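Quick one: structure below, then a few questions.
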Amino acid sequence: MTRIDGRSADELRPVKFARGWLEHAEGSVLVESGRTRVLCAVSVIEGVPRWRKGSGLGWVTAEYAMLPRSTNTRSDRESVKGRLGGRTHEISRLIGRSLRGIIDMSVLGENTLTVDCDVLQADGGTRTAAITGAYVALHDAVTWLGTRGLASSESVLSDSVAAVSVGVVDGEPMLDLKYEEDVTAETDMNVVMTGGGSFIEVQGTAEGAPFSRSELDELLLYAETGCARLTELQREALAS
Amino acid sequence: MTRIDGRSADELRPVKFARGWLEHAEGSVLVESGRTRVLCAVSVIEGVPRWRKGSGLGWVTAEYAMLPRSTNTRSDRESVKGRLGGRTHEISRLIGRSLRGIIDMSVLGENTLTVDCDVLQADGGTRTAAITGAYVALHDAVTWLGTRGLASSESVLSDSVAAVSVGVVDGEPMLDLKYEEDVTAETDMNVVMTGGGSFIEVQGTAEGAPFSRSELDELLLYAETGCARLTELQREALAS
Amino acid sequence: MTRIDGRSADELRPVKFARGWLEHAEGSVLVESGRTRVLCAVSVIEGVPRWRKGSGLGWVTAEYAMLPRSTNTRSDRESVKGRLGGRTHEISRLIGRSLRGIIDMSVLGENTLTVDCDVLQADGGTRTAAITGAYVALHDAVTWLGTRGLASSESVLSDSVAAVSVGVVDGEPMLDLKYEEDVTAETDMNVVMTGGGSFIEVQGTAEGAPFSRSELDELLLYAETGCARLTELQREALAS
Amino acid sequence: MTRIDGRSADELRPVKFARGWLEHAEGSVLVESGRTRVLCAVSVIEGVPRWRKGSGLGWVTAEYAMLPRSTNTRSDRESVKGRLGGRTHEISRLIGRSLRGIIDMSVLGENTLTVDCDVLQADGGTRTAAITGAYVALHDAVTWLGTRGLASSESVLSDSVAAVSVGVVDGEPMLDLKYEEDVTAETDMNVVMTGGGSFIEVQGTAEGAPFSRSELDELLLYAETGCARLTELQREALAS
Amino acid sequence: MTRIDGRSADELRPVKFARGWLEHAEGSVLVESGRTRVLCAVSVIEGVPRWRKGSGLGWVTAEYAMLPRSTNTRSDRESVKGRLGGRTHEISRLIGRSLRGIIDMSVLGENTLTVDCDVLQADGGTRTAAITGAYVALHDAVTWLGTRGLASSESVLSDSVAAVSVGVVDGEPMLDLKYEEDVTAETDMNVVMTGGGSFIEVQGTAEGAPFSRSELDELLLYAETGCARLTELQREALAS
Amino acid sequence: MTRIDGRSADELRPVKFARGWLEHAEGSVLVESGRTRVLCAVSVIEGVPRWRKGSGLGWVTAEYAMLPRSTNTRSDRESVKGRLGGRTHEISRLIGRSLRGIIDMSVLGENTLTVDCDVLQADGGTRTAAITGAYVALHDAVTWLGTRGLASSESVLSDSVAAVSVGVVDGEPMLDLKYEEDVTAETDMNVVMTGGGSFIEVQGTAEGAPFSRSELDELLLYAETGCARLTELQREALAS
């Protein structure tokens, strides 16, 4: 079976990380996964939210948004509508949880890392690209902290983190769905894993028919392959 | 190992379904799972949202909310704050998706079933209790539709649906976490399954340390047991 | 003349108080007046609003809301609409004023009693049922304060408070209107009284034709009878 | 007993109606009651709200607001805060109900009269001045309708309407409270009456101690006197 | 060429300043420019916004709003809509900047002057009338500060400020456009100048065709004439 | 005098136009002016706003926004705050007016061009870069319309449009201020001009001291030079 863009079922789209894309942010990456393009910016902010003050612990939070014309047809701005949609909320929370899963908050001290993931162009997999790119930007921000003697990057990050989507399309499991595949998928799953191969988040949804345990197992296998490959690409990007 | 309330690791809390708890709603259930109490009301509304008009298809949507003093300490009302929080959005969407997974929209016709799940008292597992209870209320609403000749309940519902939480607490997998277990869980997973044993949604999150594939497998097993038992209880409640 | 549900003109609907309906709240009552069902929860919160700090005085505030399907046809959630309606505001303020009328704020100390009245099922008279039930829940919360040595319940409450609706329907004065009576009433009045027989609030509105002074007097008489009976029922409930 | 401004207990403050204060509005009055100044503007708008379409009936609605510096110390704008306060909602609703009480909606046809009452300067009694002034502006707007052959003013208005505040201050009943009296009143009552002497609205509140039936009766007597006098003044203003 | 109201091209409409129109405000003016009527109120508030605390400097801020029926047809209230429109924001900011241009913030000390400009009736040129009137009210508020020994008015105000609109209508430059001229103007310019003849703000917009440099020069000349005349009128008003 | 980045007083920063930066939009440009980077996307949307329906005329509207970390320190998202700030409103309106100044709405037909200008990185002059870039994107969108036979690009655009900032810094007039110059400028002016050399918008503000007529003239001269150069660069970009 060949896919719409010629990939095999377990093949990722080409991934690029452009580090330092923004001159102001402490860490930033323009990550591309095929035609999906997400700008990830990490801001180091002194202090922590009120409820965490005096704990000696840091905090990591994330906000996800899409530019109005990142999509095929223009979407209204949430700032103009005056409220965040449920999907935006949900993805922002997912990114934050994923990154917090590899951070040692006590080493970070009472500093906040705010991660902004803005989708410039969307072609499926924006939330997973955001997580994968945000890790690289976070690494750079933590290095920046280290050079200022605020924290040591080795100890702040306990592991790396990457994410990928998998799904069942026309009865076939597939890795890294692009938009046309995503809208026709019967099952859609986003998986967040550490570089060490453990899971941070598994979110599988039956869009069409419910899925069986064996389909679930197969999808998890694809996800493990995909995340392992993304971990390698993150390492290369950070080494360059 | 004994749990805080004396249950064994794979044991559900006592579940009760009080059908027809509201006199106005087309279907309603006060579901209790231990001390967790959720009032599920299904409203049959003629017509569908604008984007679905003329399709001949029905729609099912859900809203989840917590009363301010359902929790241990009082929470502010979202109506007073003027915005829905991310958690509320996320759970409302989950309930809606779960119920849509077993509905044949074409048999429903251009009618909307709006499912309100209001948590009266919370002790962990409110979202899964909401789904489990909402199915029973939905069944009653569909029967109501049938008695009015609007749709036949057998054909609207392709299966039943139930949900349960599982988690790893102190290194041990456990079924149906109550509040004190939930806040200390290293891994927390919500699983939505059909009566037939397929998955509609799997949402696992590492709250503390990342989890391994084998832990994931074990948790899924517990969830399968729990959902099967809930399915039986739903059947009994609907038979009475 | 017989009423829609067989009551005489000056007869209350059956009233029930289920005390301690919620396990978390310091005081709680599920009050029923016929088919109207309101869940009243009182939360004791240390401290007072900013404008009252340092005064040595306590504060009592109330919030009223209706579940979407408490009514005959479903109403939209105010949390989803993002703003409170005028009616909600108005009733919340009425409940707060009514309860403050019997509280000695200096004995309470700098503590806040927040009273949540959530209508689970509506059949007319929800605001008066809320006040009548809230008093019972408040009494339990004040007792809770007393057992913790924070305040003495005898001295915090200077009297009891109850409320009832009266109205002119088809030219006849009537006590305790249910929904069908309420919507056809020419005049509608809500009266809040102390156990001692004084008035805390009188709100009469000509829905149809203006009303005369003699009609007003007659309605007040009915209200006095109704509140006196509710006061007895409150006492019985608190004694049990 | 002499009052702060030398009036006797049952004496109104000087009242002035400046008709036609605005050149654009179909009816407008700058009403003054002592130092309280309210600008009332009535706009005739073709059509009625959606829920009333096709009924053949008109509609009357009101909005009340205070300029930020109408008060002794500046208040924040509700437009800047982004939400209407409960008091604003409550008074807007009261004004609308009061005016609807004397309008024959079927004679009005499917037209809406929108009444804007903006407090330019506040010294107590702003809501009652708003109602009293709004009636005069409404009369002018109805005359305007008549001259255009849209409706006949005689038949649209079934009566006139006026409103006044009464209260118990230092144990003494008083008519038409100014600000300093209002803040120290034990009981505060707003009464809306028709020119014919019937009641449209009675709203009495115990601000301090609960009030007895005899106090209530005395206050109603004062209110009747005050409204009768205001009715005369309205007639004079409309005759000039 | 004669204008719609008989003025010559470089002639202002009649201007009136009614000082002390409000009894509560530290400075207030009802300014009229033809039929345009704006109520300007200046409130002296102790303290400054948080971001300015500890600087020893004062602050001046302005809010502009229109009453719903100040205009030819009724506009919705921004408080009811729940958000400020872009035009309101823009004009509020313009008024604030204009007044700050003549204030010595260090002499003012850590006090805030809040300037409310509420349009009671609109016939073109409301923003420029607001600035011209606000200066007079500000002067009175600063005098009030002086009499309390809080600041000396001479030193707080470095100059006076006035504003006027100019435009090209039917190919002709004109001073002080009234509504009918404004809506048909090809070019519309608002100019804010000090009493000394310098510019604080120049905002020119091509509503129809773009304008040439020579048209721009001609309009600026008209604006200079107009502002000079307004400066004289302000002086007279403050002298009386 | 040398400027902070070595430019002469009347020298623009290097400008780059990356056309077609987005694959979904009908016209898009990533415009760079020094370190300022704005992504301009033009969406062709069938139909016009309600108030313009049936007119046969098209519409052009613009929205401006900044990414949270486009600035030196992170700014909060307006979507999270739930309201647009005054500056955002003001700039969005300026961009829309500027583009409408060169569009023949009748040739466009009842189509809307929505222009999104998102600042990815800010270093002064973001609103003028947005206008200059948006013109290029608009041209591409109009060409797209032409190729679909919907409108002819020659006739839709009556001219080109470009914008530049000028200001007085340390007493010296300067063209195209970067951030550090902008914050210290005494006078700041944004000028929008057509390719033909006419003005569409002139907005000059005294940030520090008021400015004289001769300073204004000098600044306009610089702006004319700058816009002429930008017009050339736009032509080159569109020719490539």
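Per-chain residue numbering starts at 1, and chain names A, B, C, D, E and F are given in the order in which the chains are listed.
Going forward, a residue touches a chain if its C-beta (ideal position, glycine included) is under 8 Å from a C-beta of that chain, and two chains touch if they have at least 3 such contacts.
Since we're looking at a predicted model, the values are computed, not measured.
Engineer: Mind checking the centre-to-centre distance between chain A and chain D? Centres are C-alpha means, answer in whole Å.
Structural biologist: Chain A and chain D have C-alpha centres separated by 59 Å.
Engineer: For chain A and chain B, what's the span in angstrom between their mean Cα positions?
Structural biologist: Their C-alpha centroids are separated by 28 Å.
Engineer: Just the number, please: Cα centre separation of chain A and chain C in whole Å.
Structural biologist: 51
Engineer: Quick one: which residues in chain C touch 2 or more of the other chains?
Structural biologist: 82-84
Engineer: Viewed as a graph of touching chains, is the assembly arranged as a line, ring, star, complete set, or other?
Structural biologist: ring
Engineer: Could you walk the ring starting from chain A, turning first toward chain B, and list the chains encountered?
Structural biologist: The ring, traversed starting at chain A in the chain B direction, is A, B, C, D, E, F.
Engineer: If we count contacts the way the header does, which residues on chain C are in touch with chain B in the complex?
Structural biologist: Where chain C meets chain B, its residues are 22-25, 28, 35, 39, 41, 43, 45, 63, 65, 67-74, 77-80, 82-84, 88, 114, 116, 118, 120-121.
Engineer: State the interface residues of chain D toward chain C in the complex, per the touch definition above.
Structural biologist: Answer in residue numbers: 83-87, 89-90, 92-93, 97, 101, 159, 189, 193-194, 196, 198-206, 209-213, 216, 220, 224.
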